[in-house]
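Here's a structure for you.
Letters A, B and C name the chains as they come in the text, with residue numbers starting at 1 for each one.
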């Protein structure tokens, strides 16, 4: 999970979180017993549909603003350490 | 070519960048080639607090694609596909998962074969990463630079059924699909700019078998040429493994353009857990019937119908041989309407198709802008012998470059062609000047036809149509032979 | 010297020319200065920005230009709402120095209404918590007892209003983060209908649950703030097209003829303190005395809210917080390759509670567990929505406690996540249903700590909440001023 979530955790942290999460999951397991046969899931509180915008351009940000918060930048682009793999 | 005794089973995933003015979820311009990070805003940069709002035109183009491929347009839901990669501003991609907008269609190829379409769905593109380092390759790169101009550009991913049986058929499928995408206005079709990107799922099996083999996914097929090369290599590689008694490993492979081979990226054992779940920042999409019908009613003619229309000009169900190739050229370049217009105005369809597939196609961009009336008029002048073939080509070049009236152009260039009467009198003059050669020609010395044509050309400074000269000579000889 | 004037009193005084917005602001900044050292309500104060906004209001007054309904009213903004050019941290190290290039819609509407933004208030990191102790910048303390928590996650906003230093504040509520700290600090907190207030510029915790809303000294002020920020926003696809009816008109509507259900599960639950329960029963009597019909109702499905919430909210959060990866903004801790950089950045940038919830959410969404956890929680969500629908066939409004307990000591629950989560057990079901709810102070427990009672309503029924809330406010036992309270020199009548 820590790798999927991309968080570097020490073995002690992993131990502690595993214990705490086990307790939370045990509590959360109550949902498993709920009578949900034939009940559809609710992802949104309200069932809105077709919220669309027109294909009209709006101003983009000034490039200086875009890169102002970048931890590192070069040639108008965001700079990162080497990427070792392809996108999955 | 697929090795004898084996059959390839190929399914293609084509990613098509939609030709909208703005991105899928924000108002930044969807434009190729701008300076880096100039078409970005809080939404497509994934800044904290920003939210997506769906572009109506992108939905409409997705529907157009679906309808063109005979798909059903279904209510759909956007999901988040979660994985970390620096070109993805939110570290998840908004895509459609188990409820895509278009499902179950098919594409019929020019050879009559049919490839099923499983689904076509909307999703957002990623940014662009450049690997900087000594080798310029991913491995050994010193660092990477990211440009998010492309992030959030609307894509439709079109997933075919595994109905394709050869690299050549795959090529035909992508070419036909590209024609459909361009015809619907959904795409500019430019593979070299990444507007269309193709991934292939490939397996092989013994010919006649209906068992599916282990498949590999081949990525980075960014031209029709690399598609064919990659698939031929991959099919041969898999056949080679199986013939050597080794298994094909399910994995993702990358086509190395320089070496012409596919190389393994990662095996499916490390398959990624994308943790798809419904995108809570967007609501469901359910195009109402009226919208769907309006889109369907305004669909432009698709390549298949236009191909059929060309064949019908020749009174054929389907064109074959060189004519079929010419037809594909004009269809691909979107010049078939010129051929039809000329034929409808009485121009010989063969002449119209040939001029369009050769001379007009050589300047396709200009030909798409040409006034069809002028183009048809020019072909009529050629057909009626008012211009020779050579002259017609000269006038056409001028017409494509600068426009204008073909008759005026011909006159300005001094290319006033000879009509049949004028030509006949020139031929008569030449015959009168060379009585001896004429007698020999009449007696059957055919090679003298060239001599007389040369003489006519000299007197007309090359403006006579060679075919018409030959015809005139023949007519004259027949008339003399028939005379008492 | 007096307690903070109410927002409506300030707006009236500024409008009449009795006082200038700039004077109000200076009074407010002094008041903040008196309590901030003891309470730690703010992450960032913005006096310069506030002065410019106040001067703009004064210029409008001088020019006789039309004034917004909140003209000259100082407002504190929870630090998970974007403010252009002003650090917006979510009380996290990972965003410690981030300055957004844009304003959240709610903030922009506040300013358009004439409000003056005095600063950004402390919260549990990324709004994940119920005590404001998970802030990377230290806890906020409760003005009624600085050894106790103010609740959370909008603890800074609740404490600063309770201390009388700022009359109004914006909070956000994902599982109770406005109402629970309002209850613990003795102020009014309103969680609007999901989609009533734009989420654009609210840094997401759990997108399908998050809502922006007011914390105020009075129901009237809460209604005025909600009226100023509510309404459709084309930048938020989940923003409701119809919007909420103006609430201020409902203030004096009363409760005569209203059917109010006293929800057994929000009164008799295990772990509820007797002092809290007693106050809820008092509130029920007060509503009945004012002409409402109060009947007990039972909604057993509410017990499923907490477990469902602790699957849904972390799942959405695990995805929402993926973008803090050291690439584009915020903290970066270097690494040999991008993956290592990201893992180290996130390890250093997030605190333990955020890490716990990201791990929990990642687990709930992962292949093989999705259906048992996330999808099942979504089905349970449907059960809760249906249960509320049934309850609202019998009642116009529901009544219960806001939280099972009054303010608890700092540190009491930090190492026991489940115990901490239980303090939101009464507020969470409303978020799952997307409904509005209001917490109104109703006296104290035996220890003198404030108790909040909660009114719940169906979607878009905020006006009814405000009407009933005003009745409760009028009939509530007087709440003594907290030991840590600002005093205002400025003579704006309360």
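Going forward, a residue touches a chain if its C-beta (ideal position, glycine included) is under 8 Å from a C-beta of that chain, and two chains touch if they have at least 3 such contacts.
The structure presented is a predicted model; accordingly, all values stated were derived computationally and were not measured.
Trainee: Between chain pairs B-C and A-B, which one is joined by a greater number of C-beta pairs in contact?
Mentor: By the number of C-beta pairs in contact, the winner is A-B.
Trainee: Find me the chain with the mean Cα position closest to the mean of all the protein Cα atoms on display.
Mentor: A
Trainee: Taking each chain's centre as the mean position of its Cα atoms, how many Å separate chain A from chain C?
Mentor: So the centroids are 23 Å from each other.
Trainee: Between chain B and chain C, what is the gap in Å from one C-alpha centre to the other?
Mentor: 57
Trainee: As a quick test, compute the distance in whole Å between the mean CA positions of chain A and chain B.
Mentor: Computed from C-alpha means, the inter-chain centre distance equals 39 Å.
Trainee: Where in chain B do residues touch two or more of the other chains?
Mentor: 42, 45, 53-54, 84, 86, 144, 146, 273, 275, 280, 282-283
Trainee: At least two partner chains per residue is the criterion; list those residues in chain C.
Mentor: Within chain C, residues 98, 101, 208, 234, 237-238, 318, 322, 325, 327-329, 338-339, 342, 362, 366 contact more than one other chain.
Trainee: In chain A, which residues are in touch with two or more of the other chains?
Mentor: Counting only residues that touch two or more other chains, chain A contributes 4, 6, 43-44, 48, 51, 53, 61, 78, 80-85.
Trainee: Please output the residues of chain C touching chain B within their complex, sorted ascending.
Mentor: 81-82, 88, 90, 95, 98, 100-102, 104, 199-204, 206-208, 234-238, 315-316, 318-319, 322-323, 325, 327-329, 338-339, 342, 362, 365-367, 370, 374
Trainee: Would you mind writing out the residues of chain C in touch with chain A in their complex?
Mentor: Result: residues 98-99, 101, 194-195, 208, 234, 237-238, 240-241, 303-304, 306-308, 310-311, 318, 322, 325-332, 334-344, 346-347, 350, 352, 355-356, 358-360, 362-363, 366, 372-373, 375-383, 385, 417-418, 421, 432-435, 459 of chain C touch chain A.
Trainee: In the complex formed with chain A, which residues of chain B make contact?
Mentor: Going by the criterion above, the answer is residues 20-22, 26-29, 35-42, 45, 53-59, 75, 83-88, 126, 129-131, 133, 138-139, 141-148, 219, 254, 265-266, 272-275, 278, 280, 282-288.
Trainee: Which bits of chain A are touching chain B when the two form their complex?
Mentor: Residues 4, 6, 43-44, 47-61, 63, 66-67, 74-88 of chain A touch chain B in their complex.
Trainee: So in the complex, the part of chain B that touches chain C is made up of which residues?
Mentor: Touching chain C: residues 42, 45-54, 80, 82, 84, 86, 89-92, 144, 146, 273, 275-277, 280-283 of chain B.
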